[in-house]
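Going in written order, the chains are labelled A, B, C, D and E, and every chain counts its residues from 1.
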């Protein structure tokens, strides 16, 4: 979290519209790829000079420009300049500490989302910013790193599956957003499984590690909520379809996207409800165990105390203690102790304290 | 829950509109039944070939097509194709991990609900998705498994009870939805009884099993809320009656349906409030019992400690301890101990610690 | 609660509009009384045959028909049929598990309220359903049992006090609703007093009975909220005065009614806030007392343990222990013990542990 | 609180519009004072016969009639009758258990507020109802008791400070409301100081008295919120300035009043947040102290137990125990005990248990 | 906090529009600086006599008047009088206990914000009020003390960087607000780091100091929320751009400002969520440690109690105890004790109590 806030505060004090790259400096090279298609033709290539892309602004085909890596702010600025993207949009693209948002600039629609992924350990969640610019006949997508979440869509375009080749750039944008949102479900599934697994342990064998795990999961859920709640607004804005860039026929799909985001939010809230109960269970489970121990030990002590007292009595040095002279006095004393001990045991049992 | 999320995530990455069956593979055969009626005539049959149904789209009679089992996506696609159902709707029908929802596609209304049932143990709750498509002169209902919740309505149609035969498909759709919602009350009744039963045990004899039970009930309530809250929106959309498929005279019944769903939500919230207090009661009940035990045992120990000390004193080996030489010294010592013991007992009683 | 839900679920599966009486079967006979008045004349009688009432629908006088007992659904159906009451309304009248609600059927307004009363013990709260049908020149009121809450209004009509005889049926309906809502305040007063009484006990002498009492009061408040919150909507709908059955001059009184319901809700919320703190107080009060006990006893033990140790030392059988030979060795030992004991006492006092 | 609810329930069952005085019977005499002014002239007098006021309704000057004491309902009714005040308003004026509210009766505006004051002890809060009726050229204010909160305004009128003499009755009403709201801040300041003072004690020396104090403050805050929240609505209604009785130039001041009430609410919420944390702190502070004690005592016991055991060993009566014959056996035993004791002390220290 | 409320209550009882300076009396001198610019020319100077500024109201250039220190209410009144600022606005400027707010007075827009800064210790947060008055061709900014938050903007104007010299006063006002809001992020970063640092300590080594720290951070967050939430309204009002003082081209930047405030609020809420969990962790961490200690010590005692009992048995003075006569009786007894002790140790280990 602190890392996250740190990234935001890096841009504080700069001129509005200035592009400040806040990510790690060591990230790999920036790559730009293009898929240009209509229902008949398709061309696909890697771009080395951004000026190759400029003519596409005028062609009637759908052009999907995908940019991996945001380090090269010069390149992005040049591209943005030609495609008429506002400097504040460019600033938001490279400043990866944005909340998910939707902005309609008339000549284009700008959408920021968070892509969620499991980290290397497979337990934690890391996020990456994905931005989309949807214009009249192009879609530009920006990713922090090369990822594979859009591969299925590339394949669909290449093989002309579904309606994607026949539909316009708005449908392409929808497909990209849908891919991102769909991806959340696997994260949610993973988190849900971690919670259930932990609950099993909780009731069986609570340990301080479990406490730490609850804490980590809570953090994860806070993070998830933060990424997921603004989606509602984004998807809602898209679904309302007020921009002329979005065709009537695509709205129905955006409604479906909206439904999915509601489902994602719903599931996050459910996971949160599930988790919020576990700390209570942990605490009562721990105190149950501890009480169990204390109880048995206390009873243990309570039985021996009277016995020790009896031994103390016959250890007194009075000149005249009749029992001490008895032939079987010792055994009588042992018997008495056994009787008292068993009596107490039975008493405690009866009271259900044992 | 994890199972639920798993079902959702199965469909991630697919083409929008693609039908992905997410249920268990082993479910029984798919069966299609038809009831076709108006206020004079009635015909009822099991359908083997879905094409038999195609002419019904044009006839003025009300046609109720009920499909049990969603495995056969081919069949559903064929049916949907003929009756003009959008591919996204078909996708939602077979993807049984939907939230309850209402969608108006102009030529038809699509409603998804959750049917709730007790599981085999009679304690847990399982859910099944029920989808309805209401067209100009037909209603198509989809169930995951053959159930008996609609039997009462079939009977009402056969015996021409109430207004069902005189009214149109919108009234039939209302009747089906009403049957599903009414069914919730028995689930709520069962849950309410489990909570009350558990509370009785709670105050009498709290055990770790009770804790587990509270936890399970909490889960059940989370699940119930998740199924029930979206109903408000569904019933509200229906009640507003903006679709031309819903007649004025039916709106008043849909208002009644809306009232019922509010009552269901209300009851779920009340159950939740009731349950939320029980963990507190459990914890204070457990700690009351534990404190009771600890208190008695501690007092037990506290009484014997001074007595043992006295025995220790007369066990010292000083050459000159006057009491040791006394004729009745031993009995004097025993008497002293008894006096101290009783004195402490009375003292503790007075302090109300016992 | 379970009883309440049981009543709802009794009606599940029935034809909409079918009248299902869900109350106890043993309730007394159904009685129907009529007060018919205008500003000049007044006639009052008990009705044995419901057909006597039919002509009243046409007369210009205000007719107040009051029905005690809902067992005789035939009678209510007959009456409803003549006065043009929808079958869903009739169903709601006899099904006493309704939420408070307001429904405008153009030709009449239908209002359901809950009347709250103290039970026989004077501690618990029981509720009874009161329904009102306000028509163009009549008011029909339905009660589950004969009650006295409307007596003051009857008296006002008979003695021509206030504006009631000059005003129309809408003012009569307002008066009846006002009587029901006013009645809530005595319930709230009683509950408030129980909470305050319990709090006094809480700080003085917490016991498991107090816990039970808190629990019962919490239940009562949940029940109260459930009955009271929907009132806001009911009173709000009335106050907006959109129906032509409600005269302009009555709206100002309905606004007053709305204020009262807000005050009722406000008070319930305040009681709830007050109660929600008491469990914390109970728990800390209990643990304070318990800690007090444990502390004293532990200190008790802690003082005697070193003394017993000293006795143990001089009980050792070493051949050469110089003190044992001393003339006043025994008294020296007793003195040593006394010194240690007092020293510890003073030490604990200083530390404020005692 | 119970006292408060009692006052409300006193009026239950009465005819709407009937004036029921619910305050204490013993309150002092009712006094009526008048200030009549415009920008040039000013007359001020105590009124003994209410009929003296009747001509004022017609004069163009601003007439401020202030009534202290509400016992004399006859007087208020007479005044209200002449000035055209609705009977429901008169009922609300004398029934001092109202929520703060705003009502627009076209010919006048009616506002009810709560004046808050510290009680005699300077710790608790008591409230008094203040009602205002703003007409075309008069303001009538009603107070339960003679107070000094309006003195500053009287002085301002007399000395013609600020715009008050030049402005109309709406500005006078604003000034009176502003005086009441401003007065809240001193209450809030006092409460804030009590909370901070208590927190200091909390961390230093938690006692059951602190618990009681927290409880009392919580009550106070509940009471404050109840009085303060409805203000938002009142001030909001005034600020919207929909009544023709409020001049455009006054609206800007009412907006300022609205800001003040928001600030009051904000501060109450902040105080509540601050307080809500203190119980947690109290509890953990208490349990910290208690644990501290228990820990030290337990360690105390744990050190002596092994020593007593050693003494027990050398107190055994075996014929052959070599150590007993040693010349320095006794001292060896004492040394052994000292070694064990110190060893344990060091061990506990190392473990940071001491 | 109490200090804050004290500042508010200082102004209670004063005439509306009267300027009451509530800050500390000792603050340094008041200084007024002016930057007057358009896209071609720039003049910058310190002002000693406020009348020098009066001609600026008419010139077409953008005039930014910055006032440090609010003690000299006479000066501010004079300035405000000439620039047509309402007396209520002037009152709000010097009364530094305002909530952030936006007010549109047609001829100017008035905005109040809180500037947040770390205090001398670098841990606590202090706030300062910043007010802005945006007129047709001037911006007047008021600060409590000389600060450096606006230096970057001054530099930008001097060096003609970005669009600031070409844009109007609305863009300048935006830049100033943006500088204030951007500044929050460093506060949030600091707080976030403190929370994370504390959490590390929490799990490793909980101490009463940690409790105090949690408490302090909680206070800080309450304070932050209070300052930050009203910003949403302020930025929202600005973004809606209803005033004719705000140009269309600036609205897009104000939307960006709005996004930033949402991000600030979001982050504050996240910090709060993070913090709210820590008290639970603290408490369970403390009780874990305490239980650990108590457990070990209790087991310690439980092992020695039976051994002491055994020693007691062989310390009894019966004439005939066979073991006492045995040659190796003593060693047998020691062995027996060792066996029992180890047996118990193993038993406890097995039970996982150790």
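What we mean here is this: a residue touches a chain if its C-beta (ideal position, glycine included) is under 8 Å from a C-beta of that chain, and two chains touch if they have at least 3 such contacts.
These figures come from a predicted structure and were not determined experimentally.
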When subunit D touches subunit E, do the two copies use mostly the same residue numbers, with over half shared, or different ones?
different
Report the inter-chain centroid distance for subunit A and subunit D in whole angstrom, where each centroid is the mean of the CA atoms.
43
Distance from the CA centroid of subunit A to that of subunit E, rounded to the nearest Å?
26
Can you list every residue of subunit D that touches 2 or more other chains, as numbers and ranges?
287, 294, 298, 301, 305, 308, 312, 315-317, 321
If each chain is a node and each touching pair an edge, is that a line, ring, star, complete or other?
ring
Going by the contact rule set out above, which residues of subunit A touch subunit E in the complex?
1-2, 5-6, 8-9, 11-13, 15-18, 86, 88, 97-99, 101, 103, 208, 211-212, 215, 218-219, 222, 226, 279, 282-283, 286-287, 290, 293-294, 297-298, 300-301, 304-305, 307-308, 311-312, 314-317, 321, 323-330, 333-334, 337
In their shared complex, subunit E is touched by residues of subunit D numbered 152, 156, 161-163, 174-175, 178-179, 182-183, 185-186, 188-189, 192-193, 195-196, 203, 252-253, 255-256, 259, 262-263, 266-267, 270-271, 273-274, 277, 280-281, 284-285, 287-288, 291, 294-295, 298-299, 301-302, 305-306, 308-309, 312-313, 315-322, 351, 353
